[in-house]
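Read through the structures below before going on.
Below are two complexes that have subunit A in common, paired first with subunit B and then with subunit C.
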Partner chain A sequence: MRRIFAQVRKELTQIARDRLALVLALALPLGLMLLLGNSIALTVTGVPIVVQDLDDSPASRNFIDAFRESVTFLVIPWTTALPPERAFESTKARAALIVPQHYGRDMARGLTTPVQLLVDASDANTAKLVQGYAGEIAANYQPAAAPVKAEIRLWFNPGRESKKFYGPGIFVLGISMFPPLLAALAMSKEGEQKTILQVYVSSISATEFLLGKIFAFLLIALAEWCLSMILLVTYFGLHLAGDPTPLLAATVLYAFCVASFGTLLGAAIPNQAASIQAVALGGFLLVFLLSGLIFPVSNIPPQLRWISGLVWGRYYIEIVRDALLQGGGWPAMWFNVVMIAVIGAVFYLLAWKKMRRMQLSV
Partner chain B sequence: MSAIAVDALTKRYGAVEAVRGIGFDVQPGEIFGLIGPDGAGKTSTFQILAGVMEASGGKVEIFGSPARDARSTTGYLTQSFSLYPDLTVAENIRYIGDLRRVTPHDIDDRAHRYLSMFDMDRFTERLAGRLSGGMKQKLSLACALVAQPKVLLLDEPTTGVDPVSRREFWDTLAHLAIEGLTIMVATPYLDEAERCHRVALMHLGEIREMGTPAELRGKLGAKRLEVHTDKLGDAEEILLRRSSEGQEIVDVQRFGDRLDVIAPDPDRGRKVVEEALGSQGLKSDVFRVDQPTLENTFVATLRNIDRGKSAEPPAYPGKHPHRDLAGQVAIGARELTKKFGAFTAVKDVNIEVKYGEIYGLLGANGAGKTTTIKMLCGLLGPTTGSMELAGEKGSLRSREVRERIGYMSQKFSLYDDLSIDENLDFFAGVYGVPPEEREEKKKWVLAFSGLEGKQDLITGSLPGGWKQRVAFGASILHEPSVLFLDEPTSGVDPLARRAFWRMINKLADMGTAILVTTHYLEEAEQCNRLGFMVAGELVAEGTPQGVKSKRGGHLLEFLVDQPQRAADLLREKGDRWRVSLFGDRLHVITDDDVETGKKKTSERLQSAGIQIREAYEEPYSLEDVFIVVVEKARQQGKFAKED
Partner chain C sequence: MNRRLLSLIRKEFNQIRRDRRLALSLIVPPTLQLLLFGFALNATVDNLRMGVVDLSQTPQSRDLIAAMTQSGAFRLGGRYSSAQEEGNAIARGDLDAGIVIPNRFADDLARGRQVSVQILLNAMNANTAAIAQGYSEGVLQNWNQGLPRGGVNASFAASDLAPVARTGRVLMHPAFLFNPGLVTSWFIVTGTFGVLLMLNGSLISSAAMIKEREAGTVEQLLMTPAGTGEIVTAKIAPLVVLLCVTIAVATAMIRIVFHVPFRGSFALVLLGALLCVLSGIGIGTFIATFTKSAQQAQLMSFFVNPPLASLSGALTPVEAMPHWMQPFTVVNPIMHFGVITRVVLLKGGGIDAVWRNLAALAVFTAVLLSLSVMRFRKQLG
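Up next, the complex of A and B:
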């Protein structure tokens, strides 16, 4: 026990001495959250749209007002003399709405009246969303009191703010990257500077040595977690929904998991530059791409989808989102907690296997 | 029971057999030295003894139990010191102590004890990475001692450490051995090996010779003649040729102002020397006959083993000698001063080196040697003062000047991830070696380094000593007329060191101006002139013989029955630096005349019941001079930055 404690103290002292490491551990994750939290947004708002009202009746103006009211569109004045395609060419607008003549008369007679929507589809994803939103507005447009009215309520994230959805994801990304990075650096440095020999000469066991190292970086991960959590609550406007115990249990296990991951890579690669790359590849790419952080797991091609079942970040992202948005608690999340524990244990065992002999491996 | 018992120990790395069935016993309280050329298998042996590597076969026991189980009773110091540079002195000791289950109270106690013993208790809060080489070494010794081991394993602990620190370190070891600690040490410095109780000479994984230093010297069965003559280079060639013809001369080694000739029979040897040189019209004078050194033994033994192989490296394919420049000033520095902020690293240094001259710059770690070299070769601009380099006064970094100088820095490493061949191609390219000469030059570097046919090896995989040889070869590929060598032989074995110096001498004979720094003071004897630096100032300058004779006082050697007690006693009253211990011999520097000094010291020793077997005056070695110069300068208030 004392040796584990000595190991923890030594690692933390080394980190505290290294300004760069401290920035990596604590400041960079916050910066990353602010940057990515604000820049990733897959919803569209304020799409510039030109409107040509060939009817120019009270009814048509009323219909166009429905577009003006929507946050999705920003109506740009356009004379009827110019073809709307010009607006696309000069990138003044991404869409055009053309209301035909006789619109008011047809509406008054109760006839179905087609209006034309032109969409710049060079950005296919935005085009699709614009098409959807425009269709929705047109379909919901009820000039007079309608017999049935659809009342839509958005749950969990009523403002559909992507910040609230991506914030937790990037938060997990930070924890998946920086603590293991530091752990891997600390471990490979021992090999590179040959200080590992001092450890080998003492009779400290692999278990004591590894637990000491891992515990130190687990503490770093938890410190980072606390700071990032404060940012989630204050800046991202999230708060705990429901039972926090699954989140707390999963957090400690996840911190162990990522610290073990870094330590394993550092032990396997006694070269600082190479181990950084390994962590970046494992910690960043896997968690960024295959964990549902940005693309839903169901969108990953089925041949590759099984990989995401092995990505530790995926389970933790679901837990964090659940704790901050849905609040499903243990019944919804127990499997994820178990999976994090299992993957963490595998990392630890591999690291132990690598270090088991506590000898130069020749 | 033996402290260390090794029997039929072998270690294989794949097809390579690094250790081939060695065996030896070390008794408790003994200092046992392991010497041998680079790649002899010393480090492998140490790693097995320390229990950090498995042997391929054989028995290794420490106080009766297998090495791996005995780790709690061994302390291990590696070449790289294995310290955590980002922890403080106290934290390093604390961590190692905790790992070895020493109670916190004992850790504090012992840390205090050893740090004050090593005179570094002022530095407990300093980061280990910011200590000098000598301090780092003492700190790692303190770390190893905190667990109170019974056996101490030291793998080249003094590489890159200056002579003053080395001497202190060995005094400490002698003390520890008297307290009962068993010490096994590997060293490339054979003067250090003289301070071991017993020495084993290892070569290609086998032990070739073993015994006390006196026994090993005796086995050579020869005497060392110091020969003075006017043309050293020619004389060396003549005598070497003569030594291969008959048995009268075993070996010839060139020093700055003399030749050492090893001859089984001193009288016949003297005659042969006089005849051989006389027949070529050279005057000679044998002015001393003395015991051979351990280094003579080492070299002679290895030569015997390698007999049959071509011992001589091929001739340097020099196509552009600079002889016509001889006598002109190559490096001229006046009043060079360099300040880093408030700290003055170099102060008012004047150095002049002519073409064809070898100038040695000596000094303790942190004395400002490397900063001086960097200014002299134009890498670093001086704060004040003027510089002249290769005939150029203004732009020292112009292309023409750079093509004429060569620089091998202390840490000059080749690119570790390139092969030797690729490295040589690269340097031949950047230095502008004419394409038609490249093949021949590369071949020469490989032959000089003893790496023929291995040019495709990755440079990073070579042992330090070999890398050093390739780096030296690479720095002279373009036949520079001015050559700067910053500790070129650090960590290189004695045999290779001689090859280095023969080459350096040859380059000087071809007209190259050479400025060299070294911690091996016996090789500094080969310089034509020497400068001693202390705390950024040049405090003494002259030929090796000149600086020695300029020292006031006398050096007395005492053979006594209790050397360590005698040394402690003399140090108690009087300056510590005046007394040093070499195995069973005691060196005492006195300001009185020889007889008075002998009498005074003898009386002091005898009154404490110490028997004196013999007492006589010895000529100063450069190391003695170095220590006196440094100490005197310190007394005048000049301190290295560390103090």
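Up next, the complex of A and C:
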């Protein structure tokens, strides 16, 4: 036990003296969260829209004013002489509203009057949003006309703030990337500089050495977690939505999981440059793409979706989002906690095996 | 072109020819990344699980539920006896949405009174919520439209002429241009193209520059009569040729696997891709002049790549970023190349639509490369 603590202390001292490592461990995750948490969003506002009013009556102008008043659209000037597609080509507008001739007359007669909405669908998601927004504006323009009205309640994130959804995701991305990066660097450095031989001749056992390394980086992951959590609570405006115990249990397990992952990579690849690439692939690409960070996992085609069942970050992202937004607690999240523990245990066992083999091969 | 430069270029080509791994790393990872990004990143909102609380239990309410749950956007996720139970299911994550139909639903419709149905949406994911909200409003609007005509409730026709509703109804007819099937991968793939060229270009060029330094042969190069500009040009030339292979493979994938239409002039996209690769190489060589080892250069890329990729509009639209952030995308080559691919390939725009972006890419290339040439010699002193 004492030897494990000595190993932990040695690792932490080494990190504390390496300025680049400290920046990587503590400052970069915060910077990444601010940058990505802000810039990743899909819900556009201020969509530039071209309006062509072929009727030019008080009624049509009144209808167009409903679009002018909304925050989602930004009406830009465009002459009726030019086709609106031209505005899409030069990316000046994303949509065009065309009010037909006789609009005012038909409305006064009580007819159902069609209005054309052209949407630039080169970005399919934005196109759907624009369609929905325009439909809502049209529906709210004359609420009395509909027999059945929808009363929509938005739960857990009533302001539909992208930040609150992507913030926790990037938070997990940072924890999945930087502590394993440092762990892998520290471990592969031992292999590269042959200091691992000194470990072999000392009285510390493979298990103690490994646990010492993992606990040191577990502590770093937890420190990063605390700092990032402060940012989530203050800047991202999130707070605990329910029972915090699943989150706390999962956090300790997840810190163990990522520290073991980094140590495993470092033990397997005794070359610092190559192990950085391996962490970038495993910690960044997998967690970024296959964990539901930006887009739902259910949209991944089934041939690839099974991989995301093995991505540790996916389970933790769900737990963090549940704890901070949804508040489902243990009944909703117990499986995710178990999966993180299982994946962490697998990483630890693999790292232990790799250690044994390293020892034999020297 | 002088003889000195030619022989330097030949030297670099020979060096790279023997490095089989480098050539392979320019083809395999970009291909995999393009496939993975194109298939895994998909914003489509469909088949959301919708719970149903039907307190009315009438043919009318069942008709509305059928219209909602068979719309493709929603599917039936379960029936619940109270709104409370349904709410718990949403909190547990068993449902994505819920609908509550009040018990007076059919009566109020028959009397011509306006009825509200409650729709609960899990808005954690803002995008899904916004689209689901649009869908449910649309379904309801259509259902309302069919109401008097379809004879579900004949008496509503009379109330339609009530003084408040005397004016006609606006009916929005949306039409989707350039991508009527709303294929989401077209947006992602055309954006990822630039990210790939940029990241691979910078990674490979910084590796190539540093290799010479790590091996200690850079002094030998500087002792030759060749100038710094010539050395850097010679280093870059084979990389550009290699990255052209990446461009070819990526465009083939975009065309064959993702069926992106090539509506505009392909030459424009190629020109843009070439400039994008060059500015990627510029960033790579620039990073290389700051670092001493391959490991340091790779750590540096952790600082440079995330902002480059995330402030580019490659995966998410620039318009969705906060307004104070949007101006920063102007100095990002990936953003300009993304505009070029989307405008030319998807919308069929010509040079008049993208010349600004091409000019911007050319400026980045010139600035970054001349900066690297300037720093290359200084940093050895």
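As a working rule, the second predicted complex is superposed on the first by the 331 of 362 C-alpha atoms of A that agree within 3 Å, B and C clash if a C-alpha of one lies under 4 Å from a C-alpha of the other, contacts with A are read in each partner's own complex, and residues count from 1 in each chain.
One rule holds in what follows: a residue touches a chain if its C-beta (ideal position, glycine included) is under 8 Å from a C-beta of that chain, and two chains touch if they have at least 3 such contacts.
Quantities reported herein were computed from a predicted structural model and do not represent experimental measurements.
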Exercise. Is this a clash or a fit when subunit B and subunit C both end up on subunit A?
Worked result: fit
For this session: Applying the touch criterion given at the start, work out whether A:226 contacts subunit B, subunit C, both or neither, answering first, second, both or neither.
Result: neither
For this session: Figure out whether A:299 sits in contact with subunit B (first) or subunit C (second), or with both, or with neither.
Result: second
Problem set entry | Geometry of the superposed three-chain model: angle at subunit A (Cα centres of subunit B and subunit C, steps of 10 degrees) | 100
Exercise. Is A:129 in contact with subunit B, with subunit C, with both, or with neither (first, second, both, neither)?
Worked result: second
Exercise. Counting only touches as set out at the top, which of subunit B and subunit C does A:200 meet: first, second, both, neither?
Worked result: first
For this session: Tell me which of subunit B and subunit C touches more residues of subunit A.
Result: C
Exercise. Looking at the overlay, what does A:54 touch: subunit B (first), subunit C (second), both, or neither?
Worked result: neither
Exercise. In the superposed arrangement, which partner chain does A:18 touch: subunit B (first), subunit C (second), both, or neither?
Worked result: first
Exercise. Of the two partner chains, subunit B (first) and subunit C (second), which one does A:338 touch, if any: first, second, both, or neither?
Worked result: neither
For this session: Tell me which partner A:89 touches in the superposition: subunit B (first), subunit C (second), both or neither.
Result: second
Problem set entry | Nearest Cα pair across subunit B and subunit C, whole Å | 5
Exercise. Looking at subunit A, which of its residues have contacts with both subunit B and subunit C?
Worked result: none
Exercise. Along subunit C, where are the residues that touch subunit A in the complex?
Worked result: 33, 36-37, 39-45, 47, 64, 87, 90-93, 109, 112, 114-131, 133-138, 140-141, 143-145, 147, 153, 156, 159, 161, 164-180, 182-184, 186-187, 293-295, 298-299, 302-303, 306-307, 310-311, 315-317, 319-323, 325, 339, 342-343, 346-349, 352-353
Exercise. Which subunit A residues qualify as touching subunit C in the complex?
Worked result: 20, 24, 28, 32, 35-36, 38-47, 63, 85, 88-91, 94, 106-129, 131-136, 138-139, 141-142, 144-158, 160-162, 164-165, 181, 185, 272-273, 276-277, 280, 285, 289-290, 294-296, 298-301, 304, 321-322, 325-328, 331-332
Problem set entry | Footprint of subunit A on subunit B - complex, ascending | 13, 47, 50-54, 68, 71-72, 74-76, 78, 80, 82-87, 91, 94-96, 98-101, 127, 143, 147
Problem set entry | Residue ranges of subunit A touching subunit B (in the complex, touch as defined) | 2-3, 5-7, 9-10, 13-14, 17-18, 193-195, 197-204, 359-360, 362
